[in-house]
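Each of the next two complexes has subunit A plus one other chain: subunit B in the first, subunit C in the second.
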Partner chain A sequence: MKGDLKDILIGLLPALIPLFLLGFYPLGYAAYVSLFRFNLKYPDQYGFIGGKNYVDVTQMYYFIGSLTSSVIFALVAIPIILFASLALAMLAARKFRGSGFLQWLILVPWGIPYVVAGLDWKWLFDSNYGLINDILLKLKVIDTYQPWLTMQWPAMFAIVISFIWVTLPLPTLLFLAGIQSIPQELYEASQVDGAKALARFRAITFTWLKPIFLIVAILTTLSSIQVFDPIYVITQGGPADFTAMITFYTFLEMFNFLDFGHASALAFMIFIVSIILIFAYFYALRMGRLRLRA
Partner chain B sequence: MSTGKSETKEQADVSRRRFLKVGAGVVVVAAAGAAGYYLLSQPTTPPTTTETTGPTTAPPTTTAVLTPEEIEWGIWSWGVELVQDNTRIFNEANSDIHVKVGDYGLDTYGSGIATAYAGGKPPDMHYSTPDITITYQNAKQTYDMETDYPEIKKYNDDIFPGYQSGLVNPYTGKMCGLFYYSGGQTFSYNKRHLEAAGIGDQPPKTMEELREQAKKIKQKGVVEFPIGYFAGSWGFTECAVYTTMMTLTDEKPPFLFDEDLKPKFDYKGSPLFNAIKFIGDTIWIDKTSTTAVTQYDEATTVKVMGSGKHSFIWMPDYELAFINATDSTGKKASEEAYNVKFAVSPGSGRISSIYRTYLPSHTANDSGPRHRDAVWRLMQFTGGKTTNTKPDFASGKYQVVKRLAMQAGLAFPYISMWDDQEILDSMKSWCDPLVRKDALALAYDFFNDPKMTTWWDPWFGYWLGGFVRPKLHSIWLGEHGKPASDDYILQVLNDMAAEWTKMKQAAGG
Partner chain C sequence: MVNLSLQTEPQITTVPPYYLPPTPTLKNYEFVLNAEQAVKERLKYFGIGGEFLPAVATQYPRAIVNSIVTALLIVGINLAAGTLASYTFTRGRFWGRMKLFYATIAGRLIPPVAVVVPYYIILFNFKLLDTIPAVVMIHAYFTLPLTIWVLNTYLATIPEDIEDAARVDGYSRMETLRKVVFPLIKPGIVAIGIISFMMSWTEFFFAFMVTKTEAARTLPVIVGFMSAQPVKPIGIIMASGLLAMIPALIIIAVFRRYLIRGLVAGAVR
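The block that comes next holds the complex of A and B.
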């Protein structure tokens, strides 16, 4: 048995080494730096300050606002992605003329980087030349071009939709794989028992997809918490910081204000929140341990 | 499931558990080892460099045949081909020096340079904005050229007064380098719009006249929003608020802080208060401007002025060269090409200056006098006077500065260059050079109002975010009244002053 374990570990080394170097080491280093006054503008003030950075960032002018923006974004984006991807997967799982094309179409945005998607949506919402303005004007919904990205909710919507567009394919694919693995006999038996569509969905589809639901929820939550590119590209945090989420200010602290201590504290706080949410998901879905069906 | 399968699963569970234990142990030991190694190898403070000021500390240079002194010139990704060509010219004419160009990106320039400084190997000389310059001057990681080359001060006599402070290290009082370029947030107007509205061809001379002309242009249906402001979410918000502030007041600078850097703008009727209110009023009362201005970056500004969306705007002077241009096929670069003109700004005429400098880092001086001399020679070629690339203050020309002016439309602070007919002729295709000169002569160095600080950028949000920028946007976007009340503007000014004081204290000021 010991020999087996050794072989397994040796086999896993190619995976563990990059995981350690690119995952655990930066994480550990961020935690370490977060305990220091480390601002490139003031190298003479460098030194260990314990948890002061954590206290300081919660008192920064941007903290409450950016946290609120992050929560709003997550509360809007996560449910939409969860249910839209499930709905798309159920649609794509059906056999009909063009279902193959639909599956291909669903996957296309996956290949688009967030930055490129952000730029696309920025131009679509542009106040002077945007296609959305043009369409709405032609439909007589508006009587003049509107500066959408200077309005709080349209700006947030632009970021959400850009994010969803690129994020949606992976959860859809996961759900699709799950749906296709459900034995058809279960549906046939439930129909014989007289179960209606909603009951079939709850008792068979949802139950069978629960582990995938958990994975999708975790993945989507993590990417929602970590979203940055669409903000940077579409609104730069505007209008008036309404879309300046916590990741945006982490970036600013690091690369504009050069305060590595503050930035690391923010990054580590995001990490802790992510971990808590993952456990919360496990608890909420009462999975205990994640086991995918054979 | 069969019993056999259960047994297999139990065995698998046991081995998985053991595997996880051992695996976790390996990772923890590795992490602890790495952390221990790191902590032991880590200096107690980040590496700082002491300035070596004299040739006595330099290594001996007695080699008979010297290899070319290699120096790095750090740039941002603009006009890279031009930079490479200038480098080639310099390298070919100076066999004892080899200049290597380091491109640090455009949007990522600040972080790229920061990384280079943090790593202890910044370029010997690099482009710099005032917020970048102050960062490394404060950290004592730059080198003042005046320390070993006092002749640099001669250039001061040839620089417009509004720019001279941009070259002085506030901590030492010495000149640190020379200019890459310098211009201003000049006032531009669309002559065709004025004529179409029956105003004639004369731009406004006062801010009241500006408002009146804008209303008339709107009433005549020429354009919906005659006044544009360059007030975007990325960079240059100061153009809108500082320039408007300076045009509206006849007070003497400094406008925002006293000599002890205490805020002096937080009262009703202060120049800053009036500027914020003026912009808000044009958006919400006159309706001659739009909230979209809070989205304008450089590219958008060129586009909106080129397409005739606005009749008036303050924008970086070089932008006009992109609007008033014709391509090789004779096609105009914009719909309004050659209709948009420079004018001396209405009101006081003062505008905010924009300048970028060549900043020598500590590495320029660390490797001894030969290396330092090489950097100084390169700096004079790129930002000063040379003859055949060799320093020649008495009778040389601003070779690279002139090339940038003629080929890229960049402005310059050197007074004598405005007598160079060749440069003036090159400008005539897209602007009236004398009006441009008059406008730039009134530029004020708002970065030094009265002096630059390390916390100005996080306070103002020069490039992104910050404390002030979103507050101003919030007022102009009508989030607190359309327009915001005087009391609310005052409240914002009080908040700005309080945050300034807090940041100043955090910086040890």
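The block that comes next holds the complex of A and C.
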């Protein structure tokens, strides 16, 4: 089929204009700024300095720490989301009384803005009035009320859990759709062949879901690398910068230290890392390249 | 959260906390929608220098309208522009289409913090700062890649023969899309519409950065602002957060079946 130019233009322009105007142009601008000394506190020093911003930020006092906390966050959040959403989807795909309600219940957090979810968990972990304290006290796990959010690991945990809570529905939904599209004949055939439950899961469910696994892995990784709202609402990077991830410092560089060069360099690094990770996923799941289907 | 929203301020700040509201009250919801009255009652109750209400709270009713308008526009844009673009990518044969498609998907990878300052400059130059169109443009930018991607896998499942038949019968390409393809991919369209609605509805960061007054602030921004105050009326915030969830809940409840069915055919393969 040969499409004529007019149709193609009509088809693509409405979508690509916002995409390029607000996607790649700003990205290019960020890449450009990242090569300059551009600090609003020292406007007279504006000038081209090449890759110096990149070297500078890696030597900043926060770099290693924030990188570590980003990695910790990603390593905790991504596997949990992947496997929890798969498990939930398998549960919700079963036909039983109330499965519709279960599906609804799983999807509900989707409608919660990250900000609200963050607030919610912040209050649950509150040192004076939070329910978590009270429950743990009644279970005799702790003796007195604890200021959870001033402790490193619990604070991280609060951020992770509020993030998971809101992020979980979309992967679950995608997995659910995938599971429901598995032809039942495959299972019947495997039963005839005498396959055990685990073997069935590996041979049929997992194989069939691989493409979705890829999409989910990519979406989850992206959102957890770029996580910002829960940190902003719950801990503001504290205690002692333990939850201040690299995105949070990019934000600080830009809006508190007003060093646009540094911030752009950081942001561009995040972008590069995202791309590398995505190629790694394609390689790991042996899906070949992302392809356009026709 | 529901629990807290139904309690009064003194009840919320008791030790040990209540698991269920002792005397359920809808006062907080009333306060959310009518901030002036809330201020008066709180003054009476706590006296001057006691608890106060963040000023942004008065912008809440306006923010509901803003959020709904923005999200509906986003759904419209995604349905129209997203479908058109995805269809063109799937069926059109033109030079550089693969590269363009990768570029489209890669648009999703850009970290929000990287682009927010350029946004500010661009929007400032176009005199669009702090307007709903600005928020809509930005939301359109980050919902469209996913729409195009999912619809592409969906469109690929439709046999091209059907369209050829329609073309032979004298339909133009756009007519084919509207009258033949569109009905076929309806479930996918519904799913995409909902996903983009949710993304726009819950987005905080960009809306937070490019809005300054009540003219364009969306719900998450207001709630975020209220929670950033040093002294916060937690009950009212919880009520406002819950109110902000309601449209999403209704949409999920109504469209759950379509959503799953739409994705079953689409997102797979």
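Keep in mind that, in the parts below, the second predicted complex is superposed on the first by the 282 of 294 C-alpha atoms of A that agree within 3 Å, B and C clash if a C-alpha of one lies under 4 Å from a C-alpha of the other, contacts with A are read in each partner's own complex, and residues count from 1 in each chain.
Following the convention adopted for this analysis, a contact is a pair of C-beta atoms (placed from the backbone, for glycine too) under 8 Å apart; a residue touches a chain by one contact, two chains touch by 3 or more.
Treat the numbers as computed from the prediction; the structure is a model and nothing was measured.
When both complexes are overlaid on chain A, the residue A:Phe73 reaches neither subunit B nor subunit C. More residues of subunit A are touched by C (comparison of subunit B with subunit C). After overlaying the two complexes on the shared chain, residue contacts for A:Tyr61 are found with subunit B alone; subunit C is out of touch.
Legend: residue contacts after superposition of the two complexes on their common chain; A:Leu176 is shown touching subunit C, with no touch to subunit B. In the superposition on chain A, A:Tyr25 contacts both subunit B and subunit C. Touch criterion not met for A:Phe163: it reaches neither subunit B nor subunit C. By the touch criterion stated above, A:Leu258 is placed in contact with subunit B alone, subunit C being left untouched.
In the superposition on chain A, subunit A positions 1, 5, 8, 12, 16, 24-25, 29, 128-129, 254 are in contact with subunit B in one complex as well as with subunit C in the other. Listed in rising order, the residues of subunit B touching subunit A in the complex are 15, 18-19, 22-23, 26-27, 30-31, 34-35, 38, 45-46, 48, 108, 110-111, 114, 117-118, 135, 138-139, 141, 224, 232-234, 290-292, 294-295, 300, 303-304, 307, 309, 454, 457-458, 463-465, 467, 470-471, 473-474, 477, 479, 499, 507-508. Listing the residues of subunit C that touch subunit A in their complex gives 1, 4, 12-17, 19, 77, 80-82, 84-85, 87-94, 97-98, 100-119, 121-122, 137-138, 140-141, 144-145, 148, 152-153, 156, 160, 164, 173-174, 195, 198, 201-205, 219-220, 223-224, 227, 234, 237-238, 241, 244-245, 247-249, 251-253, 256, 259-260, 263-269. The part of subunit A that touches subunit B in the complex is made up of residues 1, 4-5, 8-9, 12, 16, 20, 24-25, 28-29, 32, 38, 40-47, 61-62, 127-129, 144, 147, 149-152, 235-241, 244, 248-249, 252, 254-258.
Within the complex formed with subunit C, the residues of subunit A that make contact are 1-3, 5, 7-8, 10-12, 14-16, 18-19, 21-27, 29-30, 100, 103-104, 107-108, 110-116, 119-120, 123, 128-131, 134, 137, 145, 166, 170, 173-174, 176-178, 180-181, 211-212, 215, 222, 225-226, 228-229, 232-233, 247, 250-251, 254, 260, 263-264, 266-268, 270-271, 274-275, 278, 290, 292-294.
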